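Quick heads-up: structures coming right below.
Each of the next two complexes has chain A plus one other chain: chain B in the first, chain C in the second.
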Partner chain A sequence: MWKLLKIELFKIFRRPRTYIAFAAIAAIIFLIQLAFYSDGEAFLQFGMQSLKETFDINGKILSGYMVCFIILQTLLIHVPLLIALVAGDTIAGEANMGTLRLLVTKPISRSQFMWTKFTATVIYTLLLLIFMAVLSLVVSIAVFGTSDLIIMKSDMVVILDNGDILWRYFAAFGFAAVAMITVASLAFLLSVFAENSIGPIVATMSIVILFTILTTMDIPLFNALKPFLFTNHMLNWKGFFEDPVNYKEIFKSLFVLVGHIIVFVFLAIVIFKKKDILS
Partner chain B sequence: MSTLKTYDLTWVKDSDFLYFIKHTLAIFVCKNCMPAIIKVQNLSKQFGDIKAVNDLSFAVEKGEIYGFLGQNGAGKSTTIRMLLTLIAPTEGKIEILGMDLRKHRKEILTQTGAIIEKPDLYKYLTAMENLRLFAAMSGVKIQDKKYAEQLELVGLKERMHSKVKTFSQGMKQRLGLAIALIHDPQLIILDEPTNGLDPQGIADVRNLILHLSRDLGKTIFVSSHLLSEIEQIADSMLIIDKGKKMAEGKVSSLFDPADTIVELQTTNNTAAIEVIRQSQWKNALRENSNELIFLNIHKKEIPLLAKDLVSHNIGILSLYARHSLEDYFLTLTTSNRHVETFKN
Partner chain C sequence: MKTIQFFITILTFQFISSICFAQGETELVNKVKAKLDKVNDYKAEGIMNIDVPFIKAAPSGVTIFYKKPSQFRVKKDGGISILPKGGVNVNLSSILAMGKYTVVPAGESVIGGGKVKVVKLLPEEENSSVVLATLYIDEVSLVIKKSIVTTRENGTYEMEMSYGKYNNWGLPDKVIFTFNLKDYKLPKGVTFEYESGEKKQSKTTSENKKGKVEIIYKSYLINKGIPDSVFKE
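Right, the complex of A and B next:
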């Protein structure tokens, strides 16, 4: 398994396409950091105008924690697309290149082949998130320093103490990893059906967008569906930035996401095992 | 020639221990037999309403080059994909190296090398990287020096560090062969290995196949839609059309001089046909047209036929006797469509 995994990772990281996601994330984070570096104070003053009418706020507000929170809010909606670029290509890309038929004639069971592919996809997803964490958190802290974190919500303001923030980011990135692996699993499943990676990539994003719309629409017909839609749980990493943290809600979301991963991967393996390779 | 079928031990269940006993017994009982490396029984594959392979049975002996012939769409690739577990048969049984393919897939594929249609490889990797990558998946430990040797064997040593995207189709084909051979398999399955190659490339592949079989004792199952290719290298051959077996046997026996096709043009075809109908060759008439008469006779009868026609004052404008297997192949594969018989 380890030998096969090394081969898969070698293939993934020798492809130029793999680095598109890393480059895109680096570019977006850099631009946000640059914007805050040059004009961040003015932006925050404007954003907290209504709050300052009621409260007297002293001390440093613009910090690495604040910038990282804003980056995460912006990026974690778009990262699924970048994940789908690689995960959707996992099987369909091999079929498209014509290498799938050669791989399947090797003395490796199809289940083992699929597990290796999925594990490689998970490693890629995790590396992308670690890369994102380093750039958005470590670099932001290095540039902007640390302070208490003020999070404005529609009906309340949460103020987190400087010493009580870092662990929340680790937890949030861990949760985001599970959410992104859910998207990767969906793209992986769809990849089994296609012989061109565009299909599963577009289909994955269409499903994510459709489910997100259903999640945000407050229509009774769809409300019954919401608890079962993975998109309804993907952004619950924000739960770690509440005080106190609602662990019950977070674990419920994790349970739903992990359930989706298991179902998607199980279906992908079962379908692939029975599939005639005609590419 | 006797085969393992004579000493049928299929009643023994295929657990590992009994499998060993079974094959030891088979070797002991039949030590002079040529074991079937591939044994296919009643193989069929249905895609919706289309029966791509229809009740196909054949056996490939150890060490032989077995030609698998058919026109495009005849079912060759589907059969090969079933032999390589890419496609599941709808019906039938496949045994390779004496083992049931469904039960011993891993063991069989460890001893099998293959090219399926054109060898598509990772274009962004070098020849050496592609070779190492697929070799690592073959389940066999390979010494480092073997990689360079294998690339030298297929004439790619100078380009081992070039990316595959810079390769011509012929070079990719040769690299595909190197990948198929790197783990020293007993059985090599090649699906149209000369597709897209120039004449020199075709000759190189042909020589390589002959070398693998004659010098290294490999069993080679090679498909083609060009009989001329197979004719030059194969010991045995199978011709299929619309998924069905049309002919199978040793190349030497399939080419029977008694089945020589004579294409005849005379000064008076109507009279010539009348003469033939009154002669010993009345059943040999296959078809005719205003221009040509076709007969299926023994090669040695041709002078007699010519003499008979001339004795009836019928001049012979042209007479072509076609003895190549190409004609045999065309006759078989087009028999349902074009050839009408004129047997009385």
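Right, the complex of A and C next:
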């Protein structure tokens, strides 16, 4: 299994497409940090207008924690699209190149083959998230320093103490890893059906975009749908920035996401095992 | 004729007694002011607790700076402090240092089981930020136990003070600052929030549109000098 995994990882990291996601994330984070470094205070003052009507806020609002939170808020909606680039290519890419038929003739079971492919995708996803965590959290703290964190919610403002924040980021990144693996497993499932990687990549992106739009629109009809959308549960990494943390809701979301992963991967393996490989 | 004389006597008596009373209250306010005037500046350590329906913040240690006549700043070391707008009026010296005002007696009241004199201060300056201040003064210890301040721009504030170790300086051990709130709302499309599917009860109903900030002062450093830069940061 380890040998197979090494081969799969070699294949993933040999392709230039893999590094598009790393480069895109680095560029976006750097640009956001640069923007905040040059004019972040004005942006935050604008964002806090409704709060500042009643209150005088003193102290360092623009901190590494704040910048990291804004980066996560922005990127965790877009990172699924970058993950789909690689995850959607896992099986369909082999089919497209004509190597899939050759691979399944090797003396390994199709299940083992699929598990290896999925594990390699998960490792890629985790590496992408770690890369993102280092750039968004470590670099932001190094540049902007630390302070209390103000979280602006739709009906609530949460102020978290400086010393009570770092663990929340570790927990949030852990949660985000599960959320991103959900997207990877969806792309992985769709990849089984296609002979060309464009199909599953675009299909995954479309599903994520559609569900994200439904998740963010505050319309009663869509609000009723939200508890059933995995994109809604993906946003619950923010639950770690509540005070107190609502662990019941977080575990509910984790349960939903892990459920999706199990179903997607199970379906992918079952379908692949029964599939006639013609390419 | 006698009736007219009687009325004139009564009116004169009322006029004279009201002036006497007002003078008495003015003297009382001046005594309180004189006591507070002993404090040129202070740096205090304390704990601030925010009780606002739409703000969740744990009680935090803060440093409070004051310098005559009305410079006031609450700072949290390595963090963020939040005070109602116009929070400078948290400081009593600021109210009494607002310039010329007319003192109007408003009877007596009871606060915390103790009798207090009620006086109203009407600023004489046209452009004063304070429109009206009602003070509840303890005549014995010459401290303000409660004040209700109506400002031109930031609504009405209420302050309740408890005194202890620093009674001689007229500085409170605890201040509860009550103020009116405005609605707070941001679109969910901007905040990208998780939706649990459960209906939330609005916490900012019209009945509880008041916020409170409580500051418990642990220690004061009085008249040790504070640079102006502290208030400019």
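Note that in this section the second predicted complex is superposed on the first by the 265 of 279 C-alpha atoms of A that agree within 3 Å, B and C clash if a C-alpha of one lies under 4 Å from a C-alpha of the other, contacts with A are read in each partner's own complex, and residues count from 1 in each chain.
FYI, a residue touches a chain if its C-beta (ideal position, glycine included) is under 8 Å from a C-beta of that chain, and two chains touch if they have at least 3 such contacts.
Because the structure is a prediction, the values reported are computed rather than measured.
Considering which of chain B and chain C touches more of chain A, the answer is C. When both complexes are overlaid on chain A, the residue A:Leu126 reaches neither chain B nor chain C. Residue contacts after overlaying the shared chain place A:Asn58 against chain C, while chain B stays out of touching range. In the superposed pair of complexes, A:Lys106 makes contact with chain B only, with no contact to chain C.
After overlaying the two complexes on the shared chain, residue contacts for A:Leu4 are found with chain B alone; chain C is out of touch. In the superposition on chain A, A:Asp218 makes contact with chain C only, while chain B stays out of contact range. Of the two partner chains placed by the overlay, only chain C lies in contact with A:Ser253; chain B stays clear of it. No residue of chain A contacts both chain B in one complex and chain C in the other.
Across the complex, chain C is touched by residues 50-61, 73, 77, 146-148, 150, 152-159, 161-162, 164, 215-218, 223-224, 226-227, 232-233, 235-236, 238-239, 242-243, 249, 252-253 of chain A. The touching residues of chain C, when paired with chain A in their complex, are 50, 54-58, 60, 73-76, 78-87, 179, 181-182, 184-197, 200, 202-204, 211.
Chain contact summary for the complex, chain B toward chain A: residues 81, 84-88, 105-110, 112, 114, 116-125, 129, 133-134, 136-139, 179. Chain contact summary for the complex, chain A toward chain B: residues 3-4, 7, 10-11, 14-16, 97-99, 101-109, 274, 276-278.
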